[in-house]
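In the two assemblies presented below, chain A is common to both, partnered first by chain B and then by chain C.
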Partner chain A sequence: MLPSLNLLLQSILDGIFLGFLYSIMALGLSLVFGVMGIINFAHGDFIMLGSYLVWILANSLRSDPSLMSVITVPLFFVIGAAIYTIIIRPVLGKEPLIQIAVTVGVGYVLQNLALMTFRAEPRAVQISYLNFYVDLGLVSVHAAKLVSAFLSFLIVLGVHYLLTKTWVGLAIRATAYDREVASLMGINVGKIFLLVFGLGIALTGLAASLWMTFGQADPYIGSSFGLLTWVIIALGGLGGVSGLLASSIIVGIIQSLTMTLVSPTVSLAIPYVVFIVVLWFRPQGLFGKG
Partner chain B sequence: MMSKRSLKKAISKTMSLVIGLIIVIAVVAGVLIYLTSQPPLTTTTPTTTTKPTIEKVKIGIIEPLTGRYAVFGQEAVDAARLLVDIINNELGGVSSLGGAKLELYVEDAGTSPDSAALAAERLISNYRPHVILGAYISRLTAAVAEVTEREKIPLVMDALVDWLTEKGWNYVFRLAPRASTHGKAAVDFVLEMAKKTNMTIRTVVVLHEDSIFGTTVANGVRSQLIAKGVIPNETITYAYTITDFGPIISKIRDLNPDVIFSVPYFSDGILFAKALQASGIKVKFIAGAGGCGYTDPDSIREAGEAVEYFTNTYSYNPARQTEWNKRIVQAFQQKYGKLPTEAAGIIFYSLMFVYEGLEKAGQMFPEDPLNPDNLRAAFLSLDLNDSNSIAAQLYPTGRVKLASNGENLHGGTAILQVIGGQPKVVWPEAEEGVTPVFPRP
Partner chain C sequence: MVAGASIPFLVGFNQYYILLALQSVIVASIALAWNIIGGYAGQLDLASFAYIGLGGILATMLMMEYNITPWAGMFLGAGISAALAFVIGYPLFRFGIRGVWYALSTAALVVILHEVSIMVLGPFDYYIPLLEGWYYLRFRTWENLYYFSLIVLAFVISLNLYISRSKVGYYLKAIREDEVAAEAVGIDIRKYKLLALMTYASILGFVGYIYIVSQRTFSYNTFSGPQSVYIAIIGIVGGLGSVSGVFTAAIILKIVEEYLRGYLGGALPGLHLLLFGVLLITVGILRPEGLSSLTDTLVKKVKTRIWGGVRE
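And now, the complex of A and B:
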């Protein structure tokens, strides 16, 4: 049976909104990898940690989860900077295997901390001012997802502006291209790394605040998001912020369409199948330079 | 003076005599011990046999205590601890075994069949329990059963998937109603209520998580719907690790069903209820099946008003008005501060059944009551009802009689509905002062 036009449009719209949220989840990971060459396998678990923090804050303050980003973003920047100083800096320049082991270890610690503290019970925020749909005739828009998508887009643009139009951005890009030359030019590479890692983790705090407007905290969501964000980055081919945004939206639409038109069970696997096929034909990713 | 040679000769002669004497004494003693240890050939009553002294009966429990399913496993272990305490202290242990006390050994099944099988191996090699209970999640239970069957240890299962009792295993037993019974009960309830309220059901969606548990319960829903002449318009399956129900909500909006039969695990149920509430879609009724999610205190706490008037089928009825059910529900609430639901309830009657089975084994086989074959025979011989059994008083139908495959012939469910933020029993008989709300306002 053919899907109705409404359902098709609705699915695409759902996918676009989801894609924007994915972009903010993947942005921090992409920054850390692009600039520092570190594969942060604990990235998804920071989103999980942020989700629990948002759950505690929003329920205690009886407020909307999206507003909790005012607290989570600066707090996660500090946490990111601390983790960089204590755990990441000592393994910089070491074998990739050591770096992977360290970040995987951090991820496991976070996951088990969540399990110990909150058990395996999911936690949802009771108050969300944005948890309603707006009927637009052919399609309905979930307010929480619309606002999440809009804020994600603004933040992605903001980071793009930071990287391309500011001195700090120039220093970050210079460090990403060649850290030794950047150092010779007077850039404090250590400080840039600290800033980038802190920013990367701060973005997970923001993603968690937006996610909790309609999702829920669960000790295992980190694994789902961690893997998916890696696919988004690889699919984009490190093609800058615009490439990341495009690949996020592609993954979101693929997931949503498969979920609606084929089967929700299949939808979890399809982005990975597309990822393999794309890398087969374009190993540099969709937007990477060959 | 005796020469050296004659001295040696005398010693060896004495030694030979001593050794000979020892051998004779040993043989005589052996014959006497053998004769006294044999039961008299003319004895026919067990009262004159030598009863082994049993100080404790070792009960193992393997449940998922870490990972995604820990919420169920923890409640099951809490329930087991409470019951062991009641059996040992209030009931005085197993009287037919000389008042032997139950001793509980807990093992974590983890989240995979491998970890569950290892847990069973570990439990058996460390403690060799006489009976094991577990492991709530069907695929974990199957892995545990492979080990217990090989080791000939009776396993009383608290998992629901139908085929667990269809594999020809000899030492598995299950009191809880099988998964398909849950699906059937959800349909019977909805059709009965629709008839009572003159509600026409035109469109039906079956929504379920895609594990073997969700699939089996949903198959029960579909079979019963078809048997009653209602053809489901759509079946939507999803992985219980789903993080966003948006596209499924869009599909439901498109299908505009009157009734959704839903089989969630736990966290997926909360997500779905919240997403459906946000969507504003008016579904006349959402009937859960399978005893996981929607109406348990944890789901109500997290989903809030989103699950108001949702129902779910349960293998246990906390509102059943029998003396022992009221006592145990009260004791559980006092000890753990919440209403016992699915996971705890199954352990209540399963463990009480084990206790009553041990009593029976002590009477039937006083010489070797804990032998697995004797335990099996004792379990199968029990025919329990409210008047002769505590386990039956804890069971939704008030009857327990196991078939030769270990399945309860009187398996049945209760249906709970969230009314005013509280789980209330509404079917087959509503608890006092409660009326089922159908359709949803």
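And now, the complex of A and C:
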């Protein structure tokens, strides 16, 4: 039985929207790994934490989840800076295994705090200004997904601008390129690291508020998002938002098509098979240089 | 071993404690099998429950469907897990994938098997029918399975000790410390990493059946990502390559888990994992060598107390 054209187009479009949101989720991780060389296995759990925070805020303020980013982004920047100072700084430059151990520990703490506080049942925000569909003939567009995709795209562009067109961005790129030379040139590497890690976590707060416009929070979404964002980075290769955007959208489309054509239960399996195979033949990623 | 074997007598054949001892011994065996790939060879493998699930479910299904004894099933399970390890490990090592990318590939493997098994097994729990006796390695009470698991543990411990003292063990440790240097002095790093991975996988494939029997049920959730991470955590907290450290960590963490569960009941689910998280952060920051280094220091201190400060 062949699926109809409408269904395919709808599925691809949903995949593209999802992909844009994934790009915001992966952006912070990519910055932290690319600039600081820190392997953060708790990245997804920060998205999970943010989702619960947005759930509480949006329900108590009776407002749209996406607006909660005004609170989550600065708050998560501070949380990120604190986590950096207490936990990440001591393991800078240590072997991958130690970094993974420490960040898995952070993830465990966050995940089980959520489990103890909110239990395992999924939570969704009931109030949304964007919970309606726009009919475009062949396909119909969920407004919340469209808006979160568009906002994600703007933020990715904004971070790209920050990295390429400003002095701070230049300092960040210099640190990523060679931290010793950067520090000789008068860049305060410690401050840059604090800023980058804070920014990385702040982006998870943003991703969480966009996610909650149509998604649900449960203690385990962090694990899926964590692995998924790493897969996106592996496919995209480091250094460049275009690779990141492209690989996010590819993953989004693969996932969406798998759900439509095969089964929602294997929506992660197929992107992960692609990931493993790409890793074999192009360790630098699909869009990486080298 | 003698201490372990006497546990059922000490607890007066209380089934709750024997089951707890059985589960601790199984976790210790799994963590010590992980020690071969993770501890000696330094590859952060996060796929332990892929091999346990595959081998264990194969042996259990063969028993349930065709009445094949798990004595054969466990060896078949070991074989199929080793085959899976070869299929996944050969290209990974061939293409030089290591560090975080190795860890992620193995984590992805568990998710893939988890999702595929939902399609194959269906979204429900399987309960093992009430088959009893040595033919099924399944009994009304837990003692016999516990004794059998002790033998498995003894085998895994001796294998660890054998490896750590053999040529292969030195090769693996060299690979862990510096892969490029190990290759430069002529060690076939691909071959030895693959050997370590397949040894680890076949032990897990074998243990899978005992694990499933001790859990009384299996499902697609047997392919558990969090459980696989948990095994790696035991290996890291215990100390990479330290047999006594990993063994102690496995037993202590299991007892703490059970105690907190019994003590707080369902009031705070996940509290033990939260505490393990804190422990992991602390060990990672302060004692990257693992708990074994702590016991080593303690032993040294006690020795200097007894014999005076001249030894060193």
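The working rule: the second predicted complex is superposed on the first by the 289 of 290 C-alpha atoms of A that agree within 3 Å, B and C clash if a C-alpha of one lies under 4 Å from a C-alpha of the other, contacts with A are read in each partner's own complex, and residues count from 1 in each chain.
In this text, a residue touches a chain if its C-beta (ideal position, glycine included) is under 8 Å from a C-beta of that chain, and two chains touch if they have at least 3 such contacts.
Keep in mind the model is a prediction, meaning the values are calculated, not measured.
Once the complexes are laid over each other on chain A, chain B and chain C cannot both fit and instead clash. In the superposition on chain A, contact is made by A:L115 with both chain B and chain C.
Judged by the touch definition given at the top, the superposed model places A:I100 against chain C, while chain B stays out of reach. By the document's definition of touching, of the two partners only chain B reaches A:I221; chain C does not. Contacts of A:Q10 after superposition on the shared chain: chain B is touched, whereas chain C is not. Legend: residue contacts after superposition of the two complexes on their common chain; A:S263 is shown touching both chain B and chain C. When the two complexes are overlaid on their common chain A, residue A:S140 makes contact with chain B while staying clear of chain C. Of the two partner chains, neither chain B nor chain C is touched by A:V278. By the document's definition of touching, of the two partners only chain C reaches A:W230; chain B does not. After the shared chain A is superposed, the part of chain B among 44-52, 116-124 or 332-340 that runs into chain C is 116-124, by C-alpha clashes.
Once the two complexes are overlaid on chain A, the chain A residues touched by chain B in the first and by chain C in the second are 115, 119-120, 263, 265, 267-268. Of all the residues in chain A, the ones that touch chain C in their complex are 39, 87, 90-91, 94, 96-102, 104-109, 111-113, 115-116, 119-120, 219, 223, 227, 230-231, 234, 263, 265-269, 272-273, 275-276, 279-281, 283.
Those residues of chain B whose C-beta lies close enough to touch chain A in the complex are 66-71, 74, 210, 236-239, 241-244, 246-248, 250-251, 253-254, 266-267, 270-271, 274-275, 277-280, 298, 302-304. In the complex of the two chains, the chain A residues touching chain B come out as 3-4, 6-7, 10-11, 14-15, 17-18, 115, 119-124, 126, 131-133, 135, 140, 142, 144-145, 214-216, 218, 220-221, 224-225, 255-257, 259-260, 263-265, 267-268. On the side of chain C, the complex with chain A involves touching residues 42, 44, 88, 91-92, 94-97, 99-101, 103-105, 107-109, 111-112, 115-116, 118-119, 123, 225-226, 229, 233, 236, 240, 268-271, 273-274, 276-281, 283-285, 288.
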